[in-house]
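So, here's a batch of structures to check.
Below are two complexes that have subunit A in common, paired first with subunit B and then with subunit C.
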Partner chain A sequence: MSSVNEKIAGKIRSIASSLLESGEVAAFLGYTTGSLPGMMQPYVARDAKEAENLSWSSFCVINLANYLPALLKSFEPPRRPNEPPPEGPLPKVGVVATGCWSRNMVVQIQENQIDRNRVVIVGISSRGMVDRRKVQRFVGNREILSMEEQANFLVVKGKDFEEKINRWDVVRDNCKTCTHPDPVIYDELVGGLSGKRDIPDRFRQVDEIEALDIEERWKWFQEEISSCIRCYACRNVCPLCYCPTCFVDDSRPQWVGKSIDRVDTALFHILRAYHCAGRCTDCGSCESVCPMGIRMRLFTKKLQKDVLELYGFEPGLDVETPLPLSTYKVDDPEDFIITNIKKGDKK
Partner chain B sequence: MKPLVVEKAQAEKWLEELCRVFDVFCPVKVKGDLYQWGRLGKKGLPRIPEGVPKTTIKTFFFPQPEVLFEFGARPGLKDAFRLKEPVCEKRPRLLFGVRPCDARSVVLNSMPYEEDPYFQKNRDETTMVGFLCKDGCSTCFCTWTGGSPLGMEGMDLAVVELEDGALFLEPITEKGLGLLEFDFFREPTEEEEVFVKGLREKVNKDAEETSSRLRSKGLMDLYNAPFWQEVSDACINCGTCTFLCPTCYCFDIQDETLRGKGRRIRYWDSCMFPLFTQHASGHNPRGDKLKRVRNRFMHKLKYFPDRFGPVSCVGCGRCVRDCPVNIDIRQVLARMLEV
Partner chain C sequence: MEKAKKNQWEPKIIAFLCNWCSYAGADLAGVSRYQYPPSIRIVRVPCSGRVSANMILDALRSGADGVLVSGCHPGDCHYISGNLYARRRFALLERFLEFIGIEPGRVNFSWVSASEGEQFAKVAQEVTERVRRLGPARKLVKEIDSCPA
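Take a look at the complex of A and B:
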């Protein structure tokens, strides 16, 4: 482990263990080292001893905000669906947060999914997380048996090879175009802040697809999702997806078929992306977890671009600015409502 | 049955002959380094990659989805609500390049599906040419689950790739023997026999047999073990493990209707999904993720061996490699064995 990560991990462990020891939090949500090279596992420490298992590296690709609502709920006394929460303070949870994770926590606060007073946020400025697939592509078909992280390099070893890879070359696409690596809300800070980054061509990947004509674009989309197995890892890992019953699981009415019909799969991906419009922070978890390597992050990135252009809005930067697609103002433009259609215009 | 050898150049011709009779499928490279089961495309002998492809062969026996029957869905019309058997004219299938773990998964799935006409019909119509493993991946653990890298269970014909690209063929069933009714083959040399025998001897035969140990454990002791909380904490309840697993065989059934035509399909279900055990009343006996995660492992490693003998896992390592949150069945198995 690089000394940077070791320092961060050490601080996380000491903050977590004192929070757990003092009883301020009932659990601490972070990461522990996984069983495969380049894998980290989301981890819940429930006492100071378990806090020793917490760790940190460039492979923390899952947005921990995703676990928060359910974890907080697990510390509430059981109640019926419409019953209000009990009076008095409820147990708190500690959590590690980078820029995008903290921005999703802001969205969760705005959407009443978590209570700010019940989370203790330990902020970390992200250096960008590594895409395991890019590392694999770098070494070809050879099996990776260990991945060691140095400050700016990864040392990848297999049965009969060793490669030194520049870390930035294998950082995820979303992290490369990230403008807010620093946590936007936090109670404690680990390490320094790195400030807002200016990325002039951060929508380049979207621009390239937009430049295609409509048939080509449809073909690109169809091809991208052709290997989808409908495991819903992208949906389940998303901190924005918290509906008690997802539209794909509804059976009365049934909006979408359950097996792997092409039309159904396309519908799922389009609707999933649209549900994230104006809320998605481009954390990249969906793409990182996809077992089939589908780049569904590009769908939400397009909507992120549209929301920025249409509303001048980026989600999760502060709790006070309302989400553009869930608010209504009397003077909202209504150009999209077609009125006074002349008879001759009808087709 | 007596083994035969086919030289590389002859093997291509042999495969061409087989293509006249069968729809031949093999691991195909689709995107980047992703191998999936697909129709044999190019002429010539396909390269069978080390380890297993991303997707399993269960889709040939337990299709996603399987159409059980069709019906007219417009009341008043003549065919309204009359059931029709789905018409599908397909040739017999040949799976070329099945690894031992995947071949064995079909044998295991046949146990609960013994009386399932759809599964058994698909099995009858499919011939499996297996490729034995000389080299595994670090995530392979077939020997823990009762399998072997050189295991031939489930195969009709077992193939060992020789150093010079020739194939050493061992017919296992009558179906497999039928594939060798051509003039492309010769008897193996003594050297080749020694080579294959040598591979067999290298396999670790002391590998621990886990199923009998699991069967001897108390069911409730495993069920109430304290580690399930920790195992399930990271789980996001996606279907990656179950859909990539060769031995997950749970399904759900639904009627789909479109423009007056209906069909009843059965499609893959996953015990990771909240609807899996949802009752009509709204009650769900496995309402939270701990219960769902526990069920996946208990089904594979306790309920199945208790009922059928072996564990319902072939050690292919797909769930180990592709679980987005790195829940590693090898670690869970080790913890269950400690109880």
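Take a look at the complex of A and C:
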């Protein structure tokens, strides 16, 4: 592990253990080292001793906000679905948050999924997380036995090879276009802040698809999702997907069939992405966990682009601005309404 | 005029019409004897805000060649702002469907009030024309053989 990460991990451990020791939080949500090289595993420490297992690296690809609502709920006394929570303070939870994770927490606060007063956020400015698939491709899909991180390089070793890879070359697509690596809300900070990044072509991947003609786009969409096995990992890992019953599980009416029928798969992807409109922070978790390497981030990125274009909104930057689909303006763009187009024609 | 030939293909179009305006508008079109194509199949909904992307896609999956969603003019919604929330959702959906390769014109949106019988007939004609030009919808229709072997 690089000294950068070791320093961060050390700070996380010391903050977590003092929070746990003092009883300020009942649990601390972070990462621990996984069982394979380049794999990190979300981890809940429940006492100072367990806090020693906390770690940090460039492979923390899952958005920890995903676990917060359920973790908080686990500390509430059991009650009926519509019964209000009990009076008085409930146990708190500590959590590590990078830019996008903290933005998802903001969205969760806005959507009443978490209570800001019950989370202690330990902010970290993200350096960009690494895409394991890119590393794997870099070494020609040979088996990787160890991965060592230096400040700007990864040293990847296998049975009979050793490669030094420039870290930025294998950083995830979403991190490369991230404008907001700093946490937007936090109670403690680990390391410094790096400021807003200016990425003029951050929607380039979307622009490229938009430039195709309609049949090519359909072909691209079909090909992109064709290997989907409908495991729903992309949904399960998303911090926006906390619905008690997801539309894919509705049976009356059944919006999508359970098979890997191409139409069902298409409907699943259209609706999953659409449900994230105006809420998705492009954290990239969905793409990182897909076992089939499907780049479903491109779908949410398109929605993100349109939300910005039409309503000038970016999710999770502050708690005050309402989410775009839970509000409206009288003069919102409506040039797609055909009765307007006709009026325009007459002029 | 191009009189509909016996065997000419007629599109099937599902129209989700708001009870308070477009549905009454369609009714008025009928009462006033404005002609509009028989391709429109009406589903009455309480407000355009009731129409979700699920419902629109479900229509396409079940074999509709086109969809029309029509509500009250902005400012006239019976529930004050249902159509204004809906407008944002539809704008994003429309763009998104186009992005993934669904032809523009398959899914259409309009505002028609209860007094606009003639306007409704025009919208119905326009939508039918659009869909007719596109031909039968295949992309999101679920068929037995759309399942891989």
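Assume the second predicted complex is superposed on the first by the 327 of 347 C-alpha atoms of A that agree within 3 Å, B and C clash if a C-alpha of one lies under 4 Å from a C-alpha of the other, contacts with A are read in each partner's own complex, and residues count from 1 in each chain.
By definition in this document, a residue touches a chain if its C-beta (ideal position, glycine included) is under 8 Å from a C-beta of that chain, and two chains touch if they have at least 3 such contacts.
What you see is a predicted model, and the numbers here were worked out from it, not measured in a lab.
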- Message: With both complexes overlaid on chain A, does A:Ser259 touch subunit B (first), subunit C (second), both or neither?
- Response: both
- Looking at subunit A, which partner touches more of its residues: subunit C or subunit B? C
- Of the partners subunit B and subunit C, which touch A:Phe336 in the superposed model: first, second, both, neither? second
- Kindly classify A:Pro42 by the partners it touches after superposition: subunit B alone (first), subunit C alone (second), both, or neither? first
- Message: Tell me the contact category for A:Asn141 with respect to subunit B and subunit C: first, second, both or neither.
- Response: first
- In the overlay, answer first, second, both or neither for which of subunit B and subunit C A:Ser22 touches. neither
- Task: Return first, second, both or neither, reflecting whether A:Asn82 touches subunit B, subunit C, both chains, or no partner chain.
- Result: neither
- Task: Have a look at where A:Asn112 lands relative to subunit B and subunit C in the superposition and call it first, second, both or neither.
- Result: neither
- Do subunit B and subunit C land on any of the same subunit A residues, and which? 257, 259-260
- Item | Complex contacts: residues of subunit C adjacent to subunit A | 53-54, 57-58, 61, 74-75, 81, 84-85, 87-103, 108-112, 119, 122-123, 126-127, 139-143, 146-148
- Note on the structure: The subunit A residues in contact with subunit C across the complex are 206, 209-210, 214-222, 247, 253, 255, 257, 259-264, 266-267, 270-271, 273-274, 277-278, 299, 302-303, 306-307, 310-311, 324-328, 330, 332-334, 336-340, 342
- Can you list the residues on subunit B that touch subunit A in the complex? 30-34, 36, 49, 54-55, 64-65, 137-139, 230, 233-234, 236-240, 242-244, 252, 254, 256, 265, 267-268, 270, 273-275, 289, 320-322, 324-328, 330-331
- Query: Mind pulling up the subunit A residues that touch subunit B in the complex?
  - Reply: 34-36, 39-44, 62, 66, 70, 133, 136-137, 140-141, 143, 145, 227, 229-233, 235-237, 249, 251, 254, 257-260, 288-289, 291-293
